[in-house]
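Going by the order they are written in, the chains are A, B, C and D; count residues from 1 in each one.
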């Protein structure tokens, strides 16, 4: 039986205490917040989850705790890519043992590689991987924009789908078109603002960072897109744009998405917002701006769809 | 007493058997080949050493064996940067215990970061690092071209020097100019073809991949530059250009330098040329081309400067 | 009375004979084809119109003929940007004399310039321009992605709108959001595949190259978007994707869009498909592929919306 | 008899009054300053000459005046590339009539083109050009880094040489190596700081913007390189680095080189420093900084090589 990936799959932030230690209470509350919010899956140790920035001890603890808590209610996807092939396999094996549903695979991000080298890599990796896998296109971080041919080869090798975080809508539409005869192959956008059109045009959902903060908002937007309900889409999209213009806009560093989301979730009282090096969490004025933004959004979203338990 | 970095410091390839295991006999022969060749230091686990592609077990074994064999005859520099701060510190600590002389630090290559974030990162890292450190500018792999201000901050924080592999000669000249009043701060080019002008204009040497194959050639070229001997420079540079046009030119993948150097060293009978994923070693026609190139170069270089023991 | 820009505004190709001479008969037929097709405006001498590639004699002849034939039935926009400020003003003045409705302004594309320099440029230009103007964001050709601040300054200086050909949907959505309180300021996508979502989310239309071939298809898609008719949108979008996958896909040169559109229009018997240097028109197999693609599309589009007079 | 290009060929600035009109008196003094300074050729209407930013009337007046004044004492090269093929040919014909020695050809900079398209372009252009021609590699402005294959094809078609302004020293060295058996094919760097190594390694000279200010300094540096006089090279290079750190460093806009050079030449009393749109000349504090820099450099350079008539 094949795993079907669709809907809202938040790239789960990793709650931390003091840059080093897992905030286990915060993590439990966060996962409950997300499941109560109706999300369709979880993606841990992705970019928003600061996966590559964490030591392996903490990565393992996180995988174990999330898998235990979720207990197969929804699929758990684990970012496993490391620049070392061995480390990738080893964390994937651990994830399998803990009950994770799939591994998320990006190019091994240190060495620039060609399409041919990427295909060879996936051939070897898919052979050895103990889990089903999903591809992850993240050129801003991996330096490689996965071509349609590479993705096609990955599908042949068993990939369940592709999460595209390139920000290139035309590329995402090409993926939808290319794989329209393989409806079980999921095309999922990593640009949350592209969620409605991705679904309207035949895609399967979004890995939406903002769903860490307001899961119900994103689930409602997904539902509206599935139902072709344009009025609701337009109403809910306004909130997403406001999130973009306020929460994601207190800093111009490339790391602002991660820090903003963690800070906003912390403002909601769910977990701590420490981040690992090379990032630094928001404090002072920046945190205040996010507090105001979250409060305003809570008021405005109330009418249509509220975050859970809040 | 401060470590002084200058001369030819090869980015040592990592001899492997079957993509996984250290070729220990090959490694011993390689280190002997380099020391006999007169190199002034060794840089292990860099890009050419496939550092980020190796598992930590093999990285540790390599560090231990190299430090043991070198036994402080020349400085051993170890590439320690990992996307995880903890892993970076942990391998640095291991390197210190084995007797390594310095850690080589690049930006933590997964997350795009700003100059300010990089400075903050180095502030924290330099505080915790158990070893002296050298900066490593490698924008093609790390996505970050270290600005002069970042390097200046690193120098203040204790950096011994900078290895620049940007390929941007003007930037390297700016480094030399900026730090000319700090002669103990080493400016070392990672573009082997820029060795003579880097030294002629006040720089300190080169991390030259080709020195894995022909260490004496590079040492002789360094000496010629130090001695302002233009005739010898021009003669020896011809060999470097030939290496570029032949050995480094059998493939157009971005990984060709690593594979070419490993193949050529293997052709010399020194060690195996397996590479780790995502790369694949040269075989068939490509290996034959390198065999011919190495043979031709051996004949031509003979008159002026031969590789060691060959 | 302010000119209102919305709907489908084809970037009109420039019919030529023998790379040098205007195909006047073809031009007349093309303009009739477009007006009969229901387009809402014409944009001549843009990128698709090979504007910067044409000599000024031919550019003037084209402007005159198009303005005469259109005779104010729909707005005529003229691409006037030249690397020389004087030439820009001089062709704009000519366009005004012939009755053109607006000038289209891009950054002066040879010199890389900063945002501040671009703002200064527009301040001087808008002062001297004899015509209303529309901004044109075309970073792949001009090397400059116009920032929201630059566009805001242009709006203050009188710009009627912005045509965005960056391919960056998120940027286009930011434009829509930023200028939502200025409904008379038009946000028009230059990526034809983004037409529906641009309009659904509050934008004003598209400069769609494919509308040279199938104007009614694009007008119908625009109408469907205005009417929030998702079923029709999805049906018509299939044709756009087919155009992308066939007509625009016979060659991988960056110039393929221009050559493909010209060839397809020529296959329809409307005008010649010569192109100016540095491009070369399709012949042989490539033309055959486009013939087949056009024929197939004509058959398929028939059911929903046919090109005019065909 | 073939034109031989070597030595210092300044990219001559275009003296202007009030952004529009040629500063004819200033131009006469500038050309005298350059010829007295011993330069080996002149390149007018290049990037530093703001060629693409000028109207054709002024370009023609400049060509005529420069050719008349120079009267074949040294070669005059004219930048003729326009995005329109016709305009390129027409200004080249004018240049020939006035007695110019060669046309300088860059890619037609608006449309991104492939190598194959560039080769086709040069085939057609070289057929029709009434003058010998030199290639101009300027990727920061034209978006195209001319490949070695394209340059080889240009050489076959009659190109006299290549001026490389890519800033990529390794590429320039590849050109020198590739064409070493064609000594009459000139490899000239457009990065003035690379002048010594370019000549030491077999190249032919430099198109040095700073030679507008201090022609004798650059000629002396060229002579030192030809004579393999490393001590003099190192002494004179210090002045170039000082120019870089002071005169070229009062602003961070990409246009700073043009504005700085014009301002410095104006400070020397040679001509006005107006620039055409989209640039703006330095005033106030920026001009003061350049005044100080020029004065300091005049004092320092005095000992070794002074600018002419000063």
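Everything that follows uses one rule, which is that a residue touches a chain if its C-beta (ideal position, glycine included) is under 8 Å from a C-beta of that chain, and two chains touch if they have at least 3 such contacts.
Only a predicted model underlies this, so the values are computations on that prediction, with no experimental measurement involved.
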item	value
Farthest-lying chain, centroid of Cα atoms versus that of chain B	C
Size of the rotation, in steps of 5 degrees, that lays the CA trace of chain B over chain C	180
Rounded Å distance between chain A and chain D, as computed from the means of their C-alpha atoms	51
Chain centre separation (chain C, chain D; CA means) in Å	37
Contacts with two or more other chains, residues of chain C listed in rising order	none
All touching chain pairs, where touch follows the definition stated at the start	A-B, A-C, B-D, C-D
Complex contacts: residues of chain D adjacent to chain B	167-170, 173, 177, 191, 193-194, 196-197, 200-201, 228, 230, 234, 237, 241, 245
Contact footprint of chain A on chain B as seen in their complex	20, 47, 52-56, 83-87, 90, 107-114, 116-118, 120-121, 124-125, 140-141, 143, 253-255, 276-280
